[in-house]
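Here the structure comes first, spelled out in structure tokens, and everything after it is commentary.
Note that the chains take the letters A, B, C and D in the order they are written out, and that residue 1 is the start of every chain.
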Amino acid sequence: MIKVGIAGATGYAGIELIRILLDHSEVKITKLSAKMDGKPQKISDIFPSLKGRIDLICTDLDISDMAKESDLILLALPHKVSLRFVPQFIKLGKKVIDLSADFRFDDLKVYEEWYAPHTGESRKLNSQAVYGLPELYKEEIKKANLIANPGCYPTSVILGVAPLLKDKLVKTDNIIADSLSGASGAGRVPSMVAHYPECNENVKAYSIATHRHTPEMEQELSKLAKKEIKISFTPHLLPMNRGILSTIYLNLVKKLKEEEIIKLYQNFYKNEPFIRVLEKGTFPETRNVRNSNYCDIGVKVDERTNRVIIISAIDNLVKGASGQAVQNMNITYGFKETLGLESSGITP
Amino acid sequence: MIKVGIAGATGYAGIELIRILLDHSEVKITKLSAKMDGKPQKISDIFPSLKGRIDLICTDLDISDMAKESDLILLALPHKVSLRFVPQFIKLGKKVIDLSADFRFDDLKVYEEWYAPHTGESRKLNSQAVYGLPELYKEEIKKANLIANPGCYPTSVILGVAPLLKDKLVKTDNIIADSLSGASGAGRVPSMVAHYPECNENVKAYSIATHRHTPEMEQELSKLAKKEIKISFTPHLLPMNRGILSTIYLNLVKKLKEEEIIKLYQNFYKNEPFIRVLEKGTFPETRNVRNSNYCDIGVKVDERTNRVIIISAIDNLVKGASGQAVQNMNITYGFKETLGLESSGITP
Amino acid sequence: MIKVGIAGATGYAGIELIRILLDHSEVKITKLSAKMDGKPQKISDIFPSLKGRIDLICTDLDISDMAKESDLILLALPHKVSLRFVPQFIKLGKKVIDLSADFRFDDLKVYEEWYAPHTGESRKLNSQAVYGLPELYKEEIKKANLIANPGCYPTSVILGVAPLLKDKLVKTDNIIADSLSGASGAGRVPSMVAHYPECNENVKAYSIATHRHTPEMEQELSKLAKKEIKISFTPHLLPMNRGILSTIYLNLVKKLKEEEIIKLYQNFYKNEPFIRVLEKGTFPETRNVRNSNYCDIGVKVDERTNRVIIISAIDNLVKGASGQAVQNMNITYGFKETLGLESSGITP
Amino acid sequence: MIKVGIAGATGYAGIELIRILLDHSEVKITKLSAKMDGKPQKISDIFPSLKGRIDLICTDLDISDMAKESDLILLALPHKVSLRFVPQFIKLGKKVIDLSADFRFDDLKVYEEWYAPHTGESRKLNSQAVYGLPELYKEEIKKANLIANPGCYPTSVILGVAPLLKDKLVKTDNIIADSLSGASGAGRVPSMVAHYPECNENVKAYSIATHRHTPEMEQELSKLAKKEIKISFTPHLLPMNRGILSTIYLNLVKKLKEEEIIKLYQNFYKNEPFIRVLEKGTFPETRNVRNSNYCDIGVKVDERTNRVIIISAIDNLVKGASGQAVQNMNITYGFKETLGLESSGITP
């Protein structure tokens, strides 16, 4: 039984962490914090779905107080905020899983170009951070003190193409990732873009070729392919709450049958409990992974163009954020990897 | 051809006025204003749906400027704001159709209790205002200089029960109006309540027994029945953009057949181009009036309880706001009542 | 550990039973049946969300086969179908929880008037059936062999008004229940009414004053009040997947404060783990109970009309169907009442 | 004033034709047909949104009867049905605009490979048919008797890339079109795929690399580029009623600035009233074209990969079907091209 503190508890990743951990047999949530402006509030008043399940008060973050009561800190804070707090928790001997982008980049220059400069302390810590994609870095995660939980889009894209890149079966200069996301990805702060009458009955592309998840994908795809890769990535905002579907186009370096690629994927992910490689002719839909930690992957070979099209689906708040954080927690604490994450998706 | 200025052009009632009037053969939109904080903007940059159809710049409201260029002023401003501006436009000899609640109440005390006190000038004007529900006040609207456009919920409820109250066929102490509205009724300013992930896949009642449209309904129902009426009114927020469906429960004072009541309604509304009394056994759905100025009404007699249940449906932004304002404009200027409003609803 | 067979596994109540029971520590699902027309299929091919979690094949119903492999039979079949099968399972010594309406009525005449005649065998069984609303009939459920799981709308309405009727605090001739339901209530067979472009961006009332859940509510309300009650009930179809919100209007027999009524409710339900009586001024929303077995209840007194307005919210597929069936199973087998049902709702 | 008969009036393209033509000053709808199985019905009973606007009865198709009463026949029938009827109408001297795919292909072999074989008579007619994309074939449409109205996806993709291909600015072996469509594209016949609880809160790709609109796009892109082009095309089904957004990826043959490409597009479409080329940095959203005949196009150059990404948006039922048919009608009859189609989109 470990004690867990959650910072950023009032956002969607925060409530999802709480929801999952309340049903986790090895965890006790001990502290919740968020930007409360000096007005602490019961978390079940903020999220009435939690009424009767948890009595904790959500307060402004007090680092030493949270550290005292927690073994593990889960940070669900905005980018550029975590880098101020993580070093302090690490210094106090705590394990940290950070859901922001702040420690995801090997190359600090890339982070600085797309986000902001690291400060002295977080700079030093950066090299200790492990990129928390368990299907690629399970051994490193086991030993990590600081886990940088991947972004939602990168999770769906990297998992979708890893086997092909690892085996050098696709050209690396023509990868296109086209992703569709539900509106919870825009966060819980009201905005025009996610205002119901503007978002409902509408679809739009945004941050076309400029989204910050692009360099995160490129870092991991480049490592897999062992050469530098640049991709085109276009995210779209859809009128639904949850889910990311990525449609990824890659040019094959030789003729390959669907069956061969599916077998390759099944083999690559054979020990991974949350990856479901779908049978030939069947393809992911976001509702099949809604509220679950699964990543479903489907494969289509377009023989007319010798292209392979990969479809991957995740729940952006589970495998794309909080579920993956719990999976990382399970791994680093030696719990069963699926503990608290067994539930199947919810239909309808 | 009249010249029309619109204040509050950037809200949902504003854009709907523009959309309708652009297709209106007797109107030229001459001025658009809104709270622009000193930064004028092309209206087609604010609402890209208008690109290629209108080139006007939306500016902060300049009363004398707008008055100079317009015959008629349409005010789509928040409650308590109109009462400051209306007297000035009237003084400058302009006709005004005010979409706010500020001049809807015969009894200033009721307005003050539910909204705010009228000031000196608007106080005096109040008695000249005509309640702009054309199906009840067409003659008055013809001669009016100041038309107080009804609220969206009151439009659906008053039209739904007027014939029964007028003929004293129902008990007046047991009227219950239960209304369902799309999220555009919450306006265009982002808020938690209309934040997509909070509003989607959710329904809630709000302002239960305390909504400000209650006294507006009661005023008109009381006048129809010639006795004071208090009702219970509960609005609900639904995950859709447009539409209000009101389900209204009334106790009959004697046994009546559905056919009789339907005939009564058909007769009451026989000259009203926008009221469609549905045949026995068929009932309104909001999609049938979406984007149209129709109010559809269905009648069900519950013989087991001797109650009549009225269902009425409108588009909250058309018959519930901007379409009704244009209907009032047509009437007061002697245009054909349906001009610019003929389109049927949009399916699907 | 009990063995459970599910008939009607391919409908929405069926998949929801499977989803819940897969995470239930005392249950092993042994048999799944549905109308398969002689073509058995893996349940995870029908519902890909189940991939990796269950390998069972769904076949046409073979009563003796299912009985042989199961201790408990959960029937999620259409009305009028269960009454043929239930007697056979009971005869084979099985416990049955029937999610249809077939055994919910004390008075066979009422059932026959609103549904269909019972046959000889099911006629005899009917009197042994217990109405499976645990908050009212827990002791009877403990000893029951045949549990008639309540309808979704009746669950929300009966739980919403039970304390007031029990204490005779409201008039019994003026009860109005206005309910709003997500489209999963229409079942999984494609139909025009639930066709996406017809159902989306639309709300409609249906079966006004004629819905079959009316006599079910009246039976239970009458027993609570110890006098015959007739109500008006109007269901509405909303553009969302899950959830029922009921707004119920009752006339108070004397002046009562909100606080008093809330206290009465808290007391009435003090031992009920799935009823959450909300604090004064806060009201249920369906999203707060989505995917949970909770029923949230809010109380509003309208002093102007001396009416009390009750709002209750459930997930129609959980507390309104499959969750309640599992709750009944827990009670009748002596498991902890909340086992497998602890999860809070899902936000967003 | 021309007389128009509509076959297939009860589908979504049918109702949309009726809705548009009811407001068209040069058209009188004279006949409506659909598969009525011998039970004629008032069209306003099928689509209650039309109540009060049109009284016609929809009957089973009687070719000679419809021909007698109509100058122009609009066929909104399923693929493979039109090819039986079109020759008969042409023989009777009628103009035909066919919304199906049956006469869209220059090469009968392509049609037969993706759809079905043409019969003798329709075979002969095929070469007379004009592909009804007015922005490319206006002169031919003016003189045509048989206009093959384009598919919805092809309209969005062809208009999106025509200027680049015409000017040979992009590589032709690497074009990827990723399209997102609302559920009305699935038609009005209820099906599991468009069943509300299956379609809502879900997104899926379908017909990946095998959709029948692929050869239609390739035919037109090849003609524009004057070389054979094969593309990859992936359609997706989204939880909304209307709209298609296409995101199209093309590799530039040389470095080009966004401004240059935008200028090229503005020039290419300078006489086209329904194409709106958006300013640099702004991109289409389906809501901006909802219910309008506009096609909005946005341009993004990804300098990191030397790729240009085109976003185009249409309403699938208007510019993607019925609006375009009316545009073709206007052109072929010498009416103003925009007649009856002026309305801007509807927000929200």
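Here, a residue touches a chain if its C-beta (ideal position, glycine included) is under 8 Å from a C-beta of that chain, and two chains touch if they have at least 3 such contacts.
Model, not experiment: these values are computed from the prediction.
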Pair of chains joined by more contacts [C-beta pairs], C-D or A-D: A-D
Chain separated most widely from chain B, comparing mean CA positions: A
Distance from chain C to chain A - Cα centre to Cα centre, in angstrom: 36
Cα-centroid distance, chain C relative to chain D, in whole angstrom: 46
Intercentroid distance (Cα basis), chain D paired with chain A, Å: 39
Set of chain D residues in contact with two or more other chains: 12, 182, 184, 188, 197-198, 200-201, 239-242, 285, 287, 290, 348
In the complex, chain C residues that touch chain D: 12, 182-184, 186, 188, 190-192, 194-201, 239-241
Touch list for chain A against partner chain C, complex: 12, 15, 19, 22-23, 47-53, 184, 188, 201, 241-242, 273, 276, 278, 282, 285, 287-292, 294, 296, 342-348
Chain D-facing residues of chain A, complex: 173-174, 176, 178, 180, 182, 197-198, 200-206, 208-209, 230-232, 234, 236, 238-243, 245, 247, 249, 251, 283-287, 290, 300-302, 304-305, 307, 309, 311, 348
